């Protein structure tokens, strides 16, 4: 048990060191890409708490990211009583507002289970992009809202991309620690008990309502923070920036990263980013296989490649990267 | 600006709503059949329907008439559904729910991309079997096509109901869905029953696609929004209730069309969110949907 | 803030300072962000058309001995990815300019960052008026096709002049594109704006626009404006035909490709009016036209994965028209090619003889008039083809 604790702390330390060092070795644009991976990672951490640890499926977390993103946009552009708020300070506000939205969804979600919940949350993902279109005076409609480009504070002389990288990963590491301690502690045990058997959990005194709703709220907070960072990095929001498919990609990232893992979610985040933005690279790799001659620039090929990769990965690694890690290191720590 | 109210227009909107609902019903039924037999939500249902509709288009493009191509497409759809279940779904049948969801989502992406690659992305005409004339129903011009779509959809549902209730195979399918262990003991090849369920669902999807394509024009993304409404209809009716799927479909089609037309605030933009809110509210009152059963967990 | 972003562009250029990114003695590097996946994937064919044309030009010696490299990235129509792609094009690919990126919100999303980095945003593939109009704030941006608002105004002026006692019904897509057209229509109608008796918007998430058309018919209008995109326009014609309604239909240019008009019920399509400025490869009008023959030759020889269907796809032609203008601009900028000289060339165009647009059109720009294509003809559909009538008219704002 203690060995496992030390291993996890060591893993975290290694990660922190790697995160700090990486920008020195990669191009500026790559730093931006890694920053976006970091944003997906933050969202996935939250989703892991909800789906992996408390067993509630959400196919709507893109909507919580959107709430975070739009909060940041509205506060930075419209401001409060005309006073525009600096992008940095909007991040926690965005997280809180998204978190409250999560609580509001979590409450009625208590009455739903399994796939009904999945479909309702999917419905939220589908419906949410319509709201900025309806309330376009405030939320910008399809024209969207343009934010000021992100700039490092205190006149730090670093590039915009490096700044976004450090900002995002700094927040990610803090939130990772928070998630880790949550999961290890009383709350985490309660959540896992609920996931494994609601009846058993309730009969041992775990308040289903409290913990299930809490899980929704926390996971929505994480998604809101991720969405806020994403809005800042893009300096633009409109309904298409947080499309329906985003909620799908988040679940994909979770499954690939490992449902109830934390650190390996980075792999899931990386995969989501990579498949979306480098599908042509994957297509070119696949062309090495005999009889395949995919034109990476042909419309439709990116979707085809993405879908095929997803199926293959799920067939080969149903437990995701976390499951793989567990199998590899399970013997080490005496845990199966 | 909302146009003024006329009874004629009301009747026409109602007819259109019923027709929309019939399409939702067909797809919702497919979703429910798969859910009942394999406990999987098939997110690829729409793309499977679109793919098979494109096959129909190709056949008709090569000279076959609609009704000649129709049974061929159904056979291909059936085989495709069975194949997908055996090759892609069965291997992950015991994995977590999330894994299975990802697999069907991956399948949806793959089929969508494949359709684009094979046939291209532009909209094309699909000549349906019904004429585009209107006939006079009590003074209101109603489209023959709308009536035909409703008749075919309901007819298919009725045929399926008969199949499930009165044939041995249908009975075996229902048994395998409800109680796989006991079914095996009785000699039912449960694995193939599940595949059969997917085959039937694929057929339902193909019919829905071929019915709606003449109206909305055929393109790789044709079924995406329709599928969303079909999910809503399936949930509305109760995910494990075939009757619920059909009733839910028609009910949803009519309600949403009417709300979209006569409630200015909803208009076209908030139709999907309105559907969501309706379902959500209903589920709070009846957690299993209109006809579904949810095992009560008294804790 | 501008300094930081500009510093980004410079520091990522590597240790040695490059005179102008994207230009060397042998190469010009241009970039674009277009949808190759998702709902709008077919529009990605614009970029493939451009790519083919550039390869053809390279084969003939390029521009002043420089070959054009065209890097186009998939954004799936997601403006967030457009931003990512554009930043990658500037920083990693080091392009000279970004051109013909597709989508109104996609281009809006990157406009500020491109202008702050002083990278030309050329020939935006969107008809939103703002791209040509707001040059004072965004001097590095320029549009290409006639703006939607002017198109709408044109229809309005035509109605006032030619239709007695008009009662207009408008079906419009409920976003900037549809509203741009509708706003222009109102302006063109002038004092007669009240003749719009019904206007119904639809959301692009709609499954079918029959309910909207049913509603419009109930208003007893005798003119129908179809400001709808792609398949929604098709559905509108379908609905009009099914409902037995016979208004004078105007259909917006984006949805007027012959390939589309040919598959709707002809009883509804006949008599429909639209504008045109490009050559539609699916139209019998241009079957023996040198420009379209050139288009098909180039596409067949230099395109990738081209099917026989693609040879009649107007998206490819639109791409080649834009590419032609781009090459023209590069030539005009001269051997001393920098972002500034390129921008100057783009705002001083006087291009005649673009083989992919209507004969007689002059693509003309000045620093304060940034709508390259401003001449169109009206056309009427009958006998399965478009028939232009009248002279070239101006679609120039202001």
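Here the chain labels run A, B and C in written order, and each chain numbers its own residues starting at 1.
The definition used in the following text is that a contact is a pair of C-beta atoms (placed from the backbone, for glycine too) under 8 Å apart; a residue touches a chain by one contact, two chains touch by 3 or more.
What you are looking at is a predicted structure, and each value in this text was computed from that prediction instead of being measured.
Distance between Cα centroids is largest for the pairing of chain A with C. Interface comparison, B-C versus A-C: the higher count of C-beta contacts falls to A-C. Between chain A and chain B, the centres computed from C-alpha atoms are 31 Å apart. Between chain A and chain C the centroid-to-centroid distance comes to 36 Å (mean Cα coordinates, whole Å). Looking at chain C, one finds that residues 37, 41-42, 174, 203, 205 touch two or more other chains. Chain A has residues 130, 133, 298-303, 306 in contact with two or more other chains.
Taken residue by residue, chain B touches two or more other chains at 113, 116, 121, 269, 272, whereas all remaining positions touch fewer. Of all residues in chain C, only 37, 39, 41-42, 174, 198-203, 205-208, 210-212, 214-219, 230-231, 234-235, 238, 241-244, 259-260, 263-265, 307, 309-310, 313 touch chain B in the complex they form.
Residue ranges on chain A touching chain B, taken from their complex, read 51, 57, 59, 108, 111-116, 118-120, 122-124, 126-127, 130-131, 133-134, 198-199, 202-203, 208, 248, 251-252, 254-256, 259, 298-311, 314-315, 318-319.
Listed in rising order, the residues of chain B touching chain A in the complex are 35, 39, 41, 88, 91-92, 95-99, 101-103, 105-117, 121, 220, 228, 231-232, 234-235, 239, 269-270, 272-273, 275-276, 279-280, 283-284, 287, 289, 294, 297, 299. Contact residues on chain A toward chain C in their complex (touch as defined above): 27-30, 32-33, 36, 130, 133, 141-144, 146, 148-149, 151-152, 159-161, 230, 233-236, 238, 240-243, 245, 276-277, 279-280, 295, 297-303, 306. Put simply, chain C touches chain A in their complex at residues 1, 4-5, 7-8, 11-12, 35-38, 41-42, 44-45, 47-48, 51, 72-74, 76-81, 83-85, 87-88, 91-92, 104-105, 108-110, 112-113, 116, 174-176, 203, 205, 304-305.
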